[in-house]
Each structure stands twice: as structure tokens, then as C-alpha cells.
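Order as written gives the chain letters A, B, C and D; numbering starts at 1 within each chain.
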Amino acid sequence: MQKFALIGAGFIGSVHAHNLAANPAVDFKWVYDLDTQRAATLATRYGASLAQSLEQIFSDNELDAVFIASSTDSHAQNLRLAADAGLAALVEKPIDLHLETAKSTVAYVERSGIRAMVNFNRRFDRAHAELRECVRTGKIGDVSLLQLTSRGPALPPVDYLRTSGGQFRDQAVHFYDLARWITGEDPVQVHAYGSALTAPEIAEFGDVDTSISSLLFAGGGLAQIDCVRHTNYGYDERIEALGSEGMVESERQPSGHVTVFQGETRQSHGLHGNWFDRIQPTYAASLDAFVQALEEDREVPITLREGLKSQAIAQAAGRSVASGRSEVIDYSL
Amino acid sequence: MQKFALIGAGFIGSVHAHNLAANPAVDFKWVYDLDTQRAATLATRYGASLAQSLEQIFSDNELDAVFIASSTDSHAQNLRLAADAGLAALVEKPIDLHLETAKSTVAYVERSGIRAMVNFNRRFDRAHAELRECVRTGKIGDVSLLQLTSRGPALPPVDYLRTSGGQFRDQAVHFYDLARWITGEDPVQVHAYGSALTAPEIAEFGDVDTSISSLLFAGGGLAQIDCVRHTNYGYDERIEALGSEGMVESERQPSGHVTVFQGETRQSHGLHGNWFDRIQPTYAASLDAFVQALEEDREVPITLREGLKSQAIAQAAGRSVASGRSEVIDYSL
Amino acid sequence: MQKFALIGAGFIGSVHAHNLAANPAVDFKWVYDLDTQRAATLATRYGASLAQSLEQIFSDNELDAVFIASSTDSHAQNLRLAADAGLAALVEKPIDLHLETAKSTVAYVERSGIRAMVNFNRRFDRAHAELRECVRTGKIGDVSLLQLTSRGPALPPVDYLRTSGGQFRDQAVHFYDLARWITGEDPVQVHAYGSALTAPEIAEFGDVDTSISSLLFAGGGLAQIDCVRHTNYGYDERIEALGSEGMVESERQPSGHVTVFQGETRQSHGLHGNWFDRIQPTYAASLDAFVQALEEDREVPITLREGLKSQAIAQAAGRSVASGRSEVIDYSL
Amino acid sequence: MQKFALIGAGFIGSVHAHNLAANPAVDFKWVYDLDTQRAATLATRYGASLAQSLEQIFSDNELDAVFIASSTDSHAQNLRLAADAGLAALVEKPIDLHLETAKSTVAYVERSGIRAMVNFNRRFDRAHAELRECVRTGKIGDVSLLQLTSRGPALPPVDYLRTSGGQFRDQAVHFYDLARWITGEDPVQVHAYGSALTAPEIAEFGDVDTSISSLLFAGGGLAQIDCVRHTNYGYDERIEALGSEGMVESERQPSGHVTVFQGETRQSHGLHGNWFDRIQPTYAASLDAFVQALEEDREVPITLREGLKSQAIAQAAGRSVASGRSEVIDYSL
């Protein structure tokens, strides 16, 4: 039984609260948020205690782990506090929007010896995992081309985007991670184009809403990643992996199973209305994998270093848009 | 808040126990089973009390409702006890395998004035309900043909089949109910063929494992229902409704979303491995609909009389196999 | 090289004229029709000679074969003329609407020793043939259930229907033939329901526009055949064969490959607008199979006796609608 | 009626010969090839005359048009001869592998005033054309992202590749053309990665077998094009166009319509075995469009200048692989 505190009670924090409460190997002890009201709501709903301060959490000697789902700019500090307190930590990406801060945080955490995992939850999507299994067992041979798509459904609020780190670090980074995880390799170069088509005002703080990233792997393998904020047809996520012996696809998933044939057309369900509906089950699965690692006292499935690597790709993609060049990706710590 | 007792702690009882515990409008008070051990297991897991006898349940003045999931031959008696105690009742089908007993039970229950619902849970399948909505709002015009398929995945144990009432009353009856519910009409005649292909020994007690039922509605509309016990490809359930203005389909549902292209073929997920995986969400939805009716003090969505009607079709289908005739369906009470 | 005459220059005759002209093993010599004008049009377009009379065709000593696509009531007489002239014959179904006349015609033709084939062209549909191959090679094990669908797109002219022999002999008969061909067995009993939903006036001459036929095979295998004249969604033809080891489907075929995702829906091509668009390639393939049999001097792929058998099923289906009974099918010659 | 000569009797020449013979508005007069034997074969099969020399064709005063399907290095010279002779010309791409030669040829031909068309036949694919119609009528709003895929099925002979101009000019160029045609805009920059994964020896002459091209349009719209020579799953071609109001897809097309459900899988037809099977109908359609333009004395649907533009993109893509930069595309004549 792992005793957990949850830091952050916003939308995604509430998802984690639900999963912490439902996980039979978790004792959901504390919830904390700067906004005490929303922390209290979750505490009540899921039978946890409301923490009045971070200190209350980090000084609880019986605690095993913290789930860091607070605002992005507090991730690094909370990780350091967990390291100091010797608590295992599961942290939402990114570790920090500033890669250098992220790196120094990872170094600090690693020195402490705690188990820490960055929450690239899409790795726990059942279809994506099955695609990867197909790749890693050699069923499609040597991988020559990946295609990853993440589109929609709508532009987030501009205020959110302003502090999000931009499309490459906020949205594409999940798919850089998937590309690395599927192939088991780190791409060496990236080129990207990005445009602000939906909301030109986001260009003012250097963001884009439509982008394509091209990755080059050391052995010559290639990857294409298209990320789009607005679709008008829901949330579209799919992956193709082409290899020397065939191709495997984690398909677009329809939101329902009813079809109407009328006149010359066939009309059926489109895609899920938003990204959360599509990947909702991955959150519980990701938490569960973290908890299992703690229970069995082994390495967590996604280390902070992996988070750094995908962030390094995102940084290089951003540089590429500005430079017009294929950028070498710098993975040094 | 509705206070419930669950009678029956077998496989389907355990499903109901889970849903009773999870339903926010339900106070899951009691669980009873002739097999005290399995009742105790559910009681412990879901925080209910173990009833030592049916009397303990039916004499609880604070109770609102019973969920009758006991063995088929005790449904009628438990319904009568609920009627006597003034408790609302949700009962698994059938009311009784003997149509005359079922009819007298319904008459008894109706005189008591309790709310009682027969659990044709497939009505709460999201896709089937969407198909029906499409039909009932006139989108496909006047219905001329229904096609309902229920196949697989494997022959149940012969011992189960021996007391199941046979394929028409055990399996096809769900689809007779759906046909009535989708069209809003009661078929007037039925013809059926049935064969024991998988296990010839079931013919000894008059059962079949492969059957097709044809229904004729008063206005000339038709329905085809194919029921098969063994498929070797999982559980296959689908419905088509053809009307004067088009066709709507509640499709086969794949069990996953990964496809491999290799050589000349495309291989993807087949169907769910068993019927429960396919229709599992309908159980919670059905319970919820019953609870809502109690909360709002209105008629339950599926009355016992509806259960009788579908059973009357099943009886006539069985007669048809023997007589070789199109049988008129007798709905008289 | 086989020298052919075509008798009948209506719509289907014009299809055959095109295929006769395009077949490299055919010398398309004559075309005849009571309506000289339309025969002349085909003769000119496809480089054949216009026959002024049937005598001109049947007295041509160099001719090898006749393709009989004249009106239904002249099929039997033209077959007898071909038998007398020693010409091979490919005849559109039915041999004659009156089963007794059809039988005596077949006996007469068989005594002559000519090669004669009834044109159940759907056997040459690539997908249907692949399904059958799958069944006959044992891939799905022993067949327990067939489902055959033929719907739409619209009610033919009532004047056509008046002389068509009715839905069972005109439309369903193709699918009785497919059921026999797929399984390699002759069903022993049939039950059918039929209704005149689209055009009540066709009931006056005993026809229906919506029907379901159920077939029972000697080993207990079953088949469902639904035939509908009007759909409002084009022409829908599909076949499923379920066996002890799995299921194979010859799917609905979309009329195109463009899909639009918008809002909550996915809209794509429906089915072909009419039956001819769906099965058009089967006509050339059927002719080719007949020609190959002549070239190689072997039995034609579909004998007239096979035509009689499927017609016998259609007759029994018609009787079943009237009698309300499962009818034993009489295949005696 | 347009009198045509065909120059080139190789594989694609034989396709054109068939279509010239079948087109009712074409009088197929001459066929010529350096290899007289194969020219003679086509002449005999399709009723054309065998030309002993190019002079015989270009001095025929009654001729209207030439179809240039000779080896790539003779396209430019044959176009000039057509211009001199005042003959309309339909030429296989490219005009010339050397862009400067191609430009001067186009200038020469344009001065002559003949009608000349480059054969980007994929524009006549029914699904692609429907996708474009959907885009150009505004149904999906402003285009933000295109995704074009062309993969397989196998590496062509290295000897062919040696003179092919490389993957960008030989394979990708068709999809650069489609991207321009679908959007109605010329991309301004291109970035490409390319690798020789299947056959490292092709790198010796600067070719690749796996590439991704990214296009940037003036308004910020983006396109991704992936081209692969070898797939082991047949030929895979598809297009997606995403716009502000939705997405339209010209789908992968299955090679058949039979599906087998067995155990946990569903197996159906994969893709066409080769590119020709997939796009075969486009050749007749392209020829027909050219002939119609001649018959109606109007501009041909794809001018030589359009061929130059797509070639300019291919050249820039090739430069990008070498430079590691996003290359500005130079469309100057």
C-alpha cells in the first residue's frame, strides 16, 4: 500500500484524485492546492485529507509518494522537495519549461536516489502499446518511417497557451516521446515548420497552432509528426509505423458504432470530442505502473531523463522554426 | 437514496453488487445467497451486510428495493415476496420459465402496486439505443426489416443449458425484446428453425445451438434473428433496421484499434472474446434507469408485462420448430 | 474462336453485346430482337450482323453458340431451337417461369446433348467466389449459418413486376443459387414471409417487395435470405458464412473512397446506386467461363438442372408465404 | 476525331496504346519505338501502323497529336519536334531531368503555340479529384495541413533508378503536383530528409528510397509527403486535407472485399500489389481529358509550366537533403 499526496487540484488533478482513490494499492492521504477550495472539494469527494500547506505533506513521515500535478512553474521546486523528503514522485510534464532548470532539477533528484517518473501517459494507451509491441518484437522488421498525428479539437484559451511553452513543448513533446519509446532510439536531428493559423495573436509570444516536425534517426529512419490545435472534427490521434516487413497502425478511434446509410452516403460517428475522452484510460494505467514500480521496488517505467530527452527534441524543433535549419538535438545533461 | 438488497451472488450477482456499490443514488444494504460464502465475499468487498435469510431482507422496513439475481426457478417466488413486502423489484429475466407461472406472478405483482422491472439490459446499450432513437424519430421512415444477430462465443456448459429454458428463451428472448422495443410493436407471428450442431446431446432435452427466427409484424414489417452459441471468433452482436428512407446499423464492435498490413493482408482486432465484455456497460445503465424511476416515482422503463411478451414470442418460436408452422403469438395474460 | 449469336437486344442484351465484342475468344456474328431497331443499333455498334429472323440464326451452320437474353417467356422455345440446331446455349434465368415447362425444356435440351448454361452471373463475383473458396476449402469448418442480403435500390416498374414471376423467382432465386453453390448442398425445406410494403398494388398479382426466406439443410445448417426492392440507400448485397471454425463475409462494397470528418460525424460513400453497378463485372466473367468451357469442350459451370433447383426453392418459398408452413422442396425432374 | 501517334512502346507505352485504341475520339495512327519489335507488337495488337522513323510521324500532315512516352532523355527533343510540326503533345513527366533544359524546352514549345500537356495522371484519380473538389469548394474551410503518402511496393531495379532522377523527381514529384493542384497554391519553401535504407548502393548515385518532404505555403499552410520504395504490404497511396472546417481523406483502397473473422482477429484484403493496379484507371482518364481539350480547342488541363513547377519543388527538396536547410523554391522560368 503506497501512501500518496496529490499536489494540484485543477482539472488534471481531479482526474488523478479519482484514480488515486480507485487504485487498490494506493492510500490517498493528502491533497493540496494553492486554491484551498478546490483542494477541499477533491479531499471530500475522494476521502483524502486537505493539506493546509506543502510542509504538511513533505513532513509526513508516513508518506510514500507525491503526485505533482501543480502548475508547470512549480514542478521543479516540488520535485526538489520530494527529493529532500525522500518521497517517490510522479510528475506531470514538463519538469520545467526551461531546459537548463529541468536538467539541474533532474541532477538534483537523481542524487537523492528517489524514484521519480514523468507522466507521459500516452505510453499506456492500449493501442499505442500494442503497436510498440509489434515494432519491438520485430514483426514489421526494421523501422523506416513513423507517422504520428495529434490534432484538435480546438485552440486552448490564449492565456493557457501564453504559459504553456508553445506547441512543441506542450503538445508535440508527447509524440516525440512516443517516437523514442516505439523505436527505442533517440532521433539525432529535427526540422520543423510551424504556423499560427487559427489565432494569429499567439505568434506574438512565439507560439504556433499548426506544425509539422520531421525527425531523423541515426540509422536513417524517419518520423513525421503533425500537431494541430483546431480541427472542427474532434480530437484525432493516430500512429503508423512502417518497417521493412510491413506496417502497423494505431488507428483513429471512432466515438461510437452506429452507421446510417441514406441516399448516396454512409454517415457514422466521427472522433472523440476532445483529447481527454480519447486518452482518459491512460491516466489510471500510468498511475498504476508507477505504483507497481514502488510496490516491487524497481525502476519506474519513464525516468525524468526520458522527460529531458523529449524536451530536448521540442527545444530543437522550436529552434528549427526560427533558423530554417535541420537542428542537431543536444541530449547532454 | 434507494436502499437495496441483492438476492443472488453468482457471476451476474457480483456484477450487480459492483454497480450497486458504485451508484451514488443507491445504499447497498444487504446481499443474500443460498451459498453464504459467496454472499459474504460480495458483502465484504462492497460494504454491504450479509443477510442470513431472505426473511431478514423482506422484513427490513427501511429497505426500498430488491435486485433479484438468484437462480431462475426462484425469480417468481422472490417477486411475490417483494410484492408482499411492498419493495420495488428489479429482476433478471425470465420471470419464470413456465409462461403460465410467469403470468400469474405478474398478475400478483401488479395487484400489489410495487414498481417492478425485468432486466432486459441490452436496451441500455449505447449503440442499440442510438439505433432505436434513429428509428423512432422517423429518420429511416417506416421500418420494413430488422436484422438482429447474437452469436457466440462458445457453447455454455450443458448443465447450464439443461435448466436454461433453451436457446429461444435464454438467448433469443433478448433480441425479441429489442425488436419490440425498436419498432414499438408486437410481432404477430413467428417462424423458427433450430439445430443442435455444436453439441448433439442438447437435443435430448429439446435445445438447439443454432437458430433463426423470423418475425412478422401486423403492418407487414419483418425481422430476422439469428442466434448461435459457438463461433470461434468471439461474441458477435449487431442490429440493422431498414426503413423506407434508409438503413441504420448498430455495428459489430472491434475489440481494439491496431491494424497490421503485411503482404496481401490487413489484420486487425476481431470481436470481444465474450458477450460480457461486449455488453458490460449496459448493466450499470440498466440499474441506473431503475433507480432513477424510483427516485422520481415514475413507471420503470421495462415492465414485467414486457418481459411476458418477449417470453411469449420465445415460446411460440419453440413451438414453431416442432410444428414446422408459422405460429401466431399469444400475448394474452 | 466461338461464333455467337445474341438473341435479345434490351438492356441486358446490350451488356452481353459489349462483352461478346470484347471477348477475344468470341466471334460475335449475329444479333436478333423482335424490335429490329434496337438489334440494329447493337449490330452497328459492335460489328455484328443484324439477323432478320431467328431462322437466320438457327440455320447458320457455322454458328457455335447462342446467348439467349430475350423476354422470359421465349427462353424455353429458344433453348429448344438451340437444341434442335445443335448450338451451345447460354440463357438468362429463368428457363421458364412455369417450373413444369422449365423441367420439360431441360429434359428436351439434355437429350440433345448440347452444352447449355443458365446465367447465374453472381457466382462470378470476385468477392462471393472468394467467400465460397474459403468455405469449400474448410477454412471456416462446417457451415452452420449463411446470411445473404439483396436490397434495392428501388421498386422496378409495376409492369415489369407483373411478368417477373415475383420476388422469390426474380430476385431471391439468385441467392438461393448462391446458397447452394457456397455450401455444395441442396436445402431440404424453406419458410418465407413476404409483404408488399412499397407498392400495395403488386399484391394484386401475388407479388411482394420485402421478404425473408429461411432455408434448412439436411445436416441442420441454416440460411437467411432477405430481399428488398426499395432501400433509399442504393443497392446492398452481402453474404456471411458462419462455420464451426470462424466466419467469412463478402462485404457491402462502398461506391467510393473519400471520407469527410466534420463536427461529430464521419461521412463517406454509401453503396452503389443500383445493382448493375455493383455486379457489372460478373457478366463478362460469366460469359468468359461459358466460352472457356466450349473452347475446352467440357461441362459448363452452371447446368440447366442447377437453374431448375434454385427455381424449385423459389416455388417452395412462394408456397410457404401462402401456407404459413415450412415447405419441403421438391427437386424431382 | 484526333489522329495520334504514340512514341514509346515500353510498359507505359503499351498502356497508352490500349487507351488510344479504346478512346472513341482518337484515331490511333502510328506507333514508334527505337525497339522496332515492341512497336510492331503494339501496332498489330491495336490496329495502328508501325512508324519506321520519327520523321515518318512528324511529317504526317494529317496527324493531330503525339503521345510522348519514350525514354526520359528524349522527352525534350520530341517535344521540340512536335512544336516544329505543329502537333499537340501529351508527354510523360519529366519534361527533362535537367531543370534548365526543361525550362528552355517549355519556352520553345510555348513560342510554337501548340497545345502541350504533361501527364500528371494522378490528378484524374476519382478519389483524389473528389477530395480536391471538397477542398476547392470550401467545404473544409481554409487548408492548414496536407498529408500525402506514396509507398511501395518494392524497390525498382537499380538500373532504372540510376537514370530516374532520384526519388524526389521520380516519385515525390507526383505528390508535389497533387499538393499544388489541391490547394491551388505554389509552396514557397521545402525541407526534406531522405535515406537509402532498402538498398544502400543507390546512395552512390545520390538516390534515396525513404523520404519525407515538408512544404510551407505562403499563407502558412503546411504539407507532409512521405515516399517509400519498399513496403512489403503492396502499394499505399492516400491523401488527407485538413482545413479550418474539417478534414477530407482520399483513403487507402483495399484490394478486395472479403473478411475472415477467426479467433481474436479479423483478416481482410490489404492494398493493391503494385502502384499500377491502384492508379490504372487514371491513364485513360488523363488521355481523355487531353483529347477533349483538343476536340474543344481549349487549354489542356495540365500545362508544361505546371510540370516545371513541380519539378522545381523536387529540385529544392533534393538540395534540402544536402544542405540541411529549408530551401526556397525557385519557380522562375
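Definition applied: contacts are C-beta pairs under 8 Å (C-beta built on N, C-alpha and C of every residue); 3 or more make two chains touch, one makes a residue touch a chain.
Predicted model, so just to flag it, every value in this text is computed and none were measured.
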item	value
B-C against A-B, pair bridged by the larger set of C-beta contacts	B-C
Equivalent interface positions on chain B and chain D, same or different at half	same
Distance between chain centroids, defined by C-alpha means - chain B, chain D (Å)	59
Chain A and chain B: spacing of chain centres that average the CA atoms, whole Å	42
Multi-partner residues of chain D (at least 2 other chains)	231-233, 236, 245-247, 261-263
Sites on chain C touched by chain D in the complex	126-127, 130-131, 134, 139-140, 245-253, 256-263
Residue numbers on chain D that touch chain A, as the complex places them	141-142, 144-145, 147, 149, 151, 189, 191, 193, 195-198, 210-212, 214, 216, 219-222, 224, 226, 228, 230-233, 236, 242, 244-247, 324-326
Chain C to chain A touching residues, read off their complex	231-234, 236, 254-255, 261-271, 273
